[in-house]
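So, here's a batch of structures to check.
Look at the two complexes coming up: chain A is in both, with chain B in one and chain C in the other.
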Partner chain A sequence: MRRAALLALLSHWRRRPLQFLLLVTGLALATALWTAVQALNSEARSAYARASAQTRPLELPQITAEAGYIPIEAYARLAREGWRLSPVIEGRWRSPAGTVQLLGIDPLTHPPLAAAAERQEGQDRLPGLLSERGLLVAPPGLAAALSSAPMGPEIAVSAELPPGTVLTDIATADRLLNRNGALSRLVVLPGQPDTLPALRRIWPGLALNAAGSSTGPEALTASFHLNLTAFGLLSFAVGLFIVHGTVSLAAEQRRGLFRTLRAMGLPQRSLSALLLGELLVMALAGGGTGILLGYLTAQVLLPGVSATLAGLFSAPAGNSLSLRADWILAGLGMALGGTLLAGSQALWQVWRLPVLAAPGALAWARASAGSARRLAAAGLAAALAGAAALLPGGLAGGFAFLGGLLLGTALCLPLALHLATRLAARRAHSPLAQWFWADLRAQLPGLSLALMALLLSLATSIGVSTMAGSFRLTFTAWLDQRLAADLYITARNDAQAQEIRLWLEQRGAAVLPIRSTESPFRGAPLEIYGVADHQNYRENWPVLTAAQDAWDRVAAGQGVLISEQFARRHSLTTGKMLSPLPETSYRIEGIYSDYGNPKGQIILGITELDRLFPALPATRVAVYASAATPQPLDGALREAFSLPGSAMIRQSGLKERALAVFDRTFLITRALSLLTLAVAGFAILTSLLGQWDRRLPQLAPLWALGVSRGKLARLDLLRSLALTSLTSLLALPLGLALAWVLLKVINPEAFGWSLPMHMFPKGWMQLFILAHLAAALAAAIPAIRLFRLPASHLLGVFAHEN
Partner chain B sequence: MLVTVQDLWKSYPGQPPERAVLRGAQLSLAEGEAVALTGESGSGKSTLLHLIGGLDGFDRGEITVAGQALSALDEPGRAALRRGPVAIVFQQFNLVPSMTVEQNLALHARLAGREDRSWIKALTARLGLEGLGGRYPEELSGGQQQRVAAGRALAVRPALLLADEPTGNLDETASAAVMSLMLGLARETGTAVLLATHSETIAAGLDRRLHLSGGQLA
Partner chain C sequence: MRTRFRALITFLILAWPATAAAQGYAGLGSTAEGFALPERGTALQFPRDHSPHPDFRIEWWYLTANLKDEDGDPMGIQWTLFRSALRPGDTEGWASPQIWMGHAAVTTATRHTSAERLARGGTGAAGVTPAPFSARIGDWHMTSPDTALQNLFLEASGDHFSYSLQLAAQTPLILQGDRGYSVKYRDGQASYYYSQPGYRATGTVTLDGKETSVTGKAWLDREWSSQPLSPDQTGWDWFSLRFDTGEKLMGFVLRGPREGFTSGSLIASDGSTTPLPPGSFTALPQAYSPSGDVPVAWQVQVPDHGIDVTVRALNPDAWMQHSFTYWEGPVTVHGNRTGSGYLEMTGYR
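Right after this comes the complex of A and B.
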């Protein structure tokens, strides 16, 4: 019985292969973008985990200090009290091959690390790690770069180390990072004595962190991955609109078949089970195709994402994509769950289908139209729920608000379109115009889902492009302020830097030192910069708020300037006191913007920094040229000091590089928003083709009254464009609201900086033109079909009327 | 008796009992008997056929088909009845538009698990549908479509054929041809027929006539 019924149900798809293709494609598209994002996230997280596993024994608890450093005395006292610990010094080291993550361990006490273990096998290099000269273990590329610049320690290669990481012994790390015995953390070793004095009683300010807690790349990049996930989810939701539309349409078209099967003795339960099975098989087919497409999409996007992660967060990310069970299963799960969600309404209608109800496609349409008000009420409730989620704050609250706003407005769309078309119909005078608006209103129920998908994708594109555009404008202005020097030079050593300074000053240029170091602060890395007291800083530095005489107090070593994200993260304001290092205390004199930097940053006077870190290399300087300075300056310097090209960076080059990293950051976001728009265009095509059967009985009488097929086809095309225009009108305010939430809620929560909002009418116009092109393209296929339709088909409408 | 209907009451939602469609209807139908059910539009002919076919529930009374009391059957049980002794032909043909004539003819028999290919082949020939097996319903005339619908019902060799104005959509000539074929085949196979019709001519050609009026049969 079931086999015969199944064959009868499936015969529908055999006769409508295009509809089947649309359904599976909708599912595949929905799953593809979601899977692509999950594959990218999974790959990145796996790279972080690999890096952590090789450089951090995460299964062991760690001791950190609230102030950042653990004094060597604290370690000694803990050891005397019975604690079994292994000290670690780590930080960003400006090596001859660029800035790298330096990890210094005590090879005698530290638990085994994959990277160190590799060195021990066969070659017995561990004693070298302890030698006076020291050994730097680096991944292959970095090791080669370090070897080419002669330094004190010996260089060794380990393929196990993540990119940009150097492993060494704690003494070498202490020397290279100028820590003077200040430890970053203490690894709590297994086999501690049963009774140990409490940590805080031995040394106040220390904290025991449970195994697995980390301030590694996972924490820094969490917001980036959350953004990607949100985008993947949005694309998935848009794809589900297609699935919902095609499943509902198929259920409607087969309503007669369902009744016939029931009349021939197929129990309701069997029919529902068969439809559920059919839906699940399609979900697997569409989901499987989607996973494959997602894998290919992720492969295309991976280099961009890796570059972003490396450029923006210094986080390691692989360049090749592996097939992983987590995202494959998650993709299939989403496809199955999403299909059931999208098909639940249709299944419910079949379950409730009275076997004797008169068939009527229009009844379905009327019911849908009647539900516009209920949908709008639900939309309002969703928007209010989203707004309520915003109140407690937090990134999740921000995204919940966004979700509520988008869903709420989408649900209000059918009612808005209904009212707009009714208004237009009232103003129409010619009979054809009146028919046009009345017909358009009648088509709304069938098209509303696709139009909701279009609204969501348009609003997202507007929101994201406004956010990215506003960010870019602000970032460019900020770069102009922040990178005011004409040339940035890195000398070979301190002596050469001094020679260069004298040479330049004799030629009228101002030469300002650039010195920085890094220190942990409350478990997160903090960059500490020292700046000279110079008019250029006072005039150009992008300060957001500042106390009076702020620069004077910074120059006198009494105050600090702090970055916006650091201030936000630790709830710091101008006028409060800050202790960035043990036994230091400064008044916060001001807050400045520091876009694109996930780490906290503070600025001290250069004299104060030199007092705290006397051995910091003084090889980098910023040069402000004057009229007397020879031009081109880098050419003259190269000649005078034989400096390599890489040692000098022009301001313009640095800005270009910074903007390139910035643009790359939003590359994937833009790509995803355009793909979402493409999915929405496809949803319109699906709906229009799905309506084809119902259109003929509506158009045939008009044709019989003397309206040509060509005119009818043009009116059909116009119908799609009119609906796209109305949807675009609503998408604009929604997109701007979305941009506002991204700039004022999501960005401060995720990255720590707030941005001003700019308007880009030209960009919106381009987007609307693109949307209209997509809608025209989608409408063109059925319109051409209508134009070419033989008269006999239209006559057939009258012949089949009963 | 193949079918007995006793004191059958049926009203639709919002309908007071005194205006119920069926008000104590009584009926009995012997095996192989062909009975015409006549009455004005809205008198309840279709309702009575639907109730006997287990497509809808009734308020009071009892219907027994092939020894099974319908009030004791749940939905799957009533569905099984339609895969067993009962087959229905509707005025709207209700063919599956996505299946060919051949597939439509075999559909009910396959659902019932009683597909007899030689019988279906014979039916195809008797109904004049040879050469149309690969066509889809939309490619057939109304008369041809109804012949397929009748053939589909008879393919299960039902004990009872319920026909709800099966030729209501056809012209007189086509109607006569379809009725002649359907009733002839039913007679040959011993199938009892309960046929709702407005046509005096058709009603006159059957064994017996029942008139439905005021919710009761006479």
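Right after this comes the complex of A and C.
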């Protein structure tokens, strides 16, 4: 019996291979996007973990200074009091091969690091590391770039180091980073004495950080990965709409079959079990295909993601994707769980199916205006719950709000469409028009899920593109302010920088020095810049808020300007005092925007910076040309000082580079939002095809009344476009709300900067055209089928009528 | 990986004589790398020479004590600070080429436990200052209220032990070899070497959580050089023995492919010292440890002075297994003299 029942159930798919294909494809698409995002995140996480394992003994606690470096005297005092520690000096080093992360350890006491202990050509690294000349151990690509530059320390290669990291002895790091002995952190070694004097009693301002707490790439990139995950989840939800639509449809279509099987004596339990089994097999098939597709998608997206992570966060990320059990299993689990969720309604109906129910009482009819109201009420509740999640704040709260808003509005869509079509019907005068709107309203319940998917994807696209567009506009304007100089020069040494300055000043150009260093502040890196007192800064620097005479006080070494994200992170406002380094205290004179920088940044007067860090290299200068300056300036300089091309960067080149990094960052988001739109278009196609069988009895009378098949097909196409238009109209405000949340809630939480919102009507139009194209494409297949339908089929409708 | 680090440090501290001697020019005053070399006839000056000599490649402050606990059971402690220079000279900060290593141990007949500390020079975490005298690495220290090392205060601790000792010198300082110039081989390798063999010690030792008061005798060795060993020398056996007659004997065998090079000095109870010319001190292994790799009983003879004794390890398993491995432990003396002392053996593992 069971076998026969199974064959009968499966025969449905044999007769409707397209429907089967839709179900599996819908599931595959949903799983694919989710899996792709998870695979990318997993790859990045494993790259961070590898990097951490290679450079940081994470299993050991660390001591850091709350207000900057750990003085060498503090280390000595701790050691004499019995603390067993290994000192570390690390920071960003402007190497001849670009800026790299320099990690200086004491190889005698540091917990074993493979890169330090390896042998090269039978030689131990230790003597080289401890030698006077020093040894820099770098990953393969970087080592080659470093060794091509003439410089002091020897170079060794180690594949055991993450990209962009150079390992060396603490003395070499001290020299290259101009630290004067001050330490970045102290590794607390295992086997401490039982009774140790408290840290704060030995040296105030030191903090013991538990093992595993890190300010490594994980902390900086968490927001980026959360963004990706949110997107993956959204795509998955959209994909599930397809699954839900197809499964419900198949259940409806087989209602007669179920009834027959039950009447023939198949227990309800067996029927449900068979249907559940069928669903699970499809979930596995769709999920498996989805994982494969996801893997391929991730492989395509990976270089972009890696470039973003490297460019924006200096985070290490590989360029090859490996199959990992975590995201494969998570993908399959999501596919199974999602399918069950999407099919639960259909299964529940089968479970409650009365044996003698009338076959014609289609469930589609249940989605009347009443149920649309109920849905809308649920939607309102979801939106309110989301808004409540916003109150405690935080990134997760922001995303919960977004989720509530999107889901809530989607649930309100059927009611909104219902009302809109009723309004339109009232204004319709011709009988055909009245029929059109009435028919459209009647079709709404069957299409509403697909339309919800469309709404979500459209709103997301609008929201994301508005956010990215607003950001880009602000960023471009900010670049113009920030990069006001015509040329940025890096001289070979301080003396040459001085010569260049004189040469340029004789030719009417203004030359301003650029000096910076990096210091830890409350466990996170802080960039400290010194600026000259010059009109160019006063006029151009992108200051958000500033006290009066801010620049005067900065120039006098009494005040400091801080970046927006630094201010947000530490709840700092103009007028408060800040001690960025031990024994320093400055009044915060203003806050400026510093987009795209994951690190905190502050600006001091250059004389103050020189006082604090007397040994900083003075090789970089910014040149502001005047009418008297020879043009092109870089050509003239190259001739006069035989400077290599890489030593001079024109303002335009720098801007191009910055914008390229920026665009790459949003490439992934845009790609994902377009893919989501494709999935939604596919959902519409599924729904329309699903309705096909039941359309004929509704269209046949019109045909009989003299409306040609061609006109009916056009009307069907128009129906799809009308629904898309209505949905788009609702998607616009939702998308803008989404953009607002992204700009004003998510961005400040995730990156530390808030952005003004700009409108992009042209982009919306493009998106709407794309959506209508997708809808037209989805409606075209059934419309063409209708157009080509033999008259006998339409006539047959009347023949089959009882 | 740990093993590799050990090997590396061994290179720094112990294996260097091979390169040093190969590159060095004995008698010319400095090695190829610019390290100073000991010269015969240089008068040692105190308290100056209690302090580090950063122009020499290696140096140590080496204290051993034979003690008895409250029950009268014998016990030994070691407190050593090694200095090893990567380059001659010193500077403040991380650029200092000086590396410091501390070894401390407690040994009884049944227990031997030890610890090591490493630190870079120039940072204040380790080093030696002359006035008042202080030698320290981390929280281990050997300090003196005076500059002549008359009285010493000593502390160290490890995972299973800690000790705190007060030492008072009963005899004057002893200059080893030729007025402190100690020849280490017939090729002329030498070191500066002086000792204070006559400390009376009191204090407390905590071993495996159990504290006990101790009393006994202690011996301080001070030595610095840049190339004391010849490349073909494989290790040494070094004895510091305290006889119940009041005499003290320091003697060593530098083992090599040819017959070992021996030297030493005999210190009378009044403190007068007789250098022992090469060959007059002999030490022959008589029994080996259960593992078979190191002698734990020796026949020690100085025929010219009628000394013929058997020196036996209190605990055969007194291995110091840290950055480099050597054997260091208390010994008992029997034969035509009785007494106690310390034995150090290197190059067996």
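Here is the rule we use: the second predicted complex is superposed on the first by the 789 of 802 C-alpha atoms of A that agree within 3 Å, B and C clash if a C-alpha of one lies under 4 Å from a C-alpha of the other, contacts with A are read in each partner's own complex, and residues count from 1 in each chain.
By definition in this document, a residue touches a chain if its C-beta (ideal position, glycine included) is under 8 Å from a C-beta of that chain, and two chains touch if they have at least 3 such contacts.
Owing to the predicted nature of the structure, the values given are computational and were not obtained by experimental measurement.
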Touched partner set for A:296, first chain B, second chain C, both or neither: neither
Touching partner for A:193 - first (chain B), second (chain C), both, neither: second
Touching partner for A:256 - first (chain B), second (chain C), both, neither: first
First, second, both or neither for A:159, with chain B first and chain C second: neither
Which of chain B and chain C A:84 touches, first, second, both or neither: second
Which of chain B and chain C A:180 touches, first, second, both or neither: second
Touching both chain B and chain C, residues of chain A: none
Residue ranges of chain A touching chain C (in the complex, touch as defined): 72-73, 75-77, 79-84, 87, 89, 106-109, 112, 114, 117, 119, 124, 126-127, 130-132, 170-171, 174-175, 180-181, 191, 193
Chain B-touching residues of chain A, taken from the complex the two chains share: 1, 3-5, 7-8, 11-12, 14-16, 256-257, 259-270, 355-356, 800, 802
List of chain C residues in touch with chain A within their complex: 1-2, 4-5, 7-9, 11-12, 86-87, 92-97, 99, 117-120, 123-126, 136, 138-139, 157, 159
Chain B to chain A touching residues, read off their complex: 50, 53, 55-56, 75-76, 79-84, 87-88, 90, 92, 94-99, 103, 107-108, 110-113, 136, 138, 169
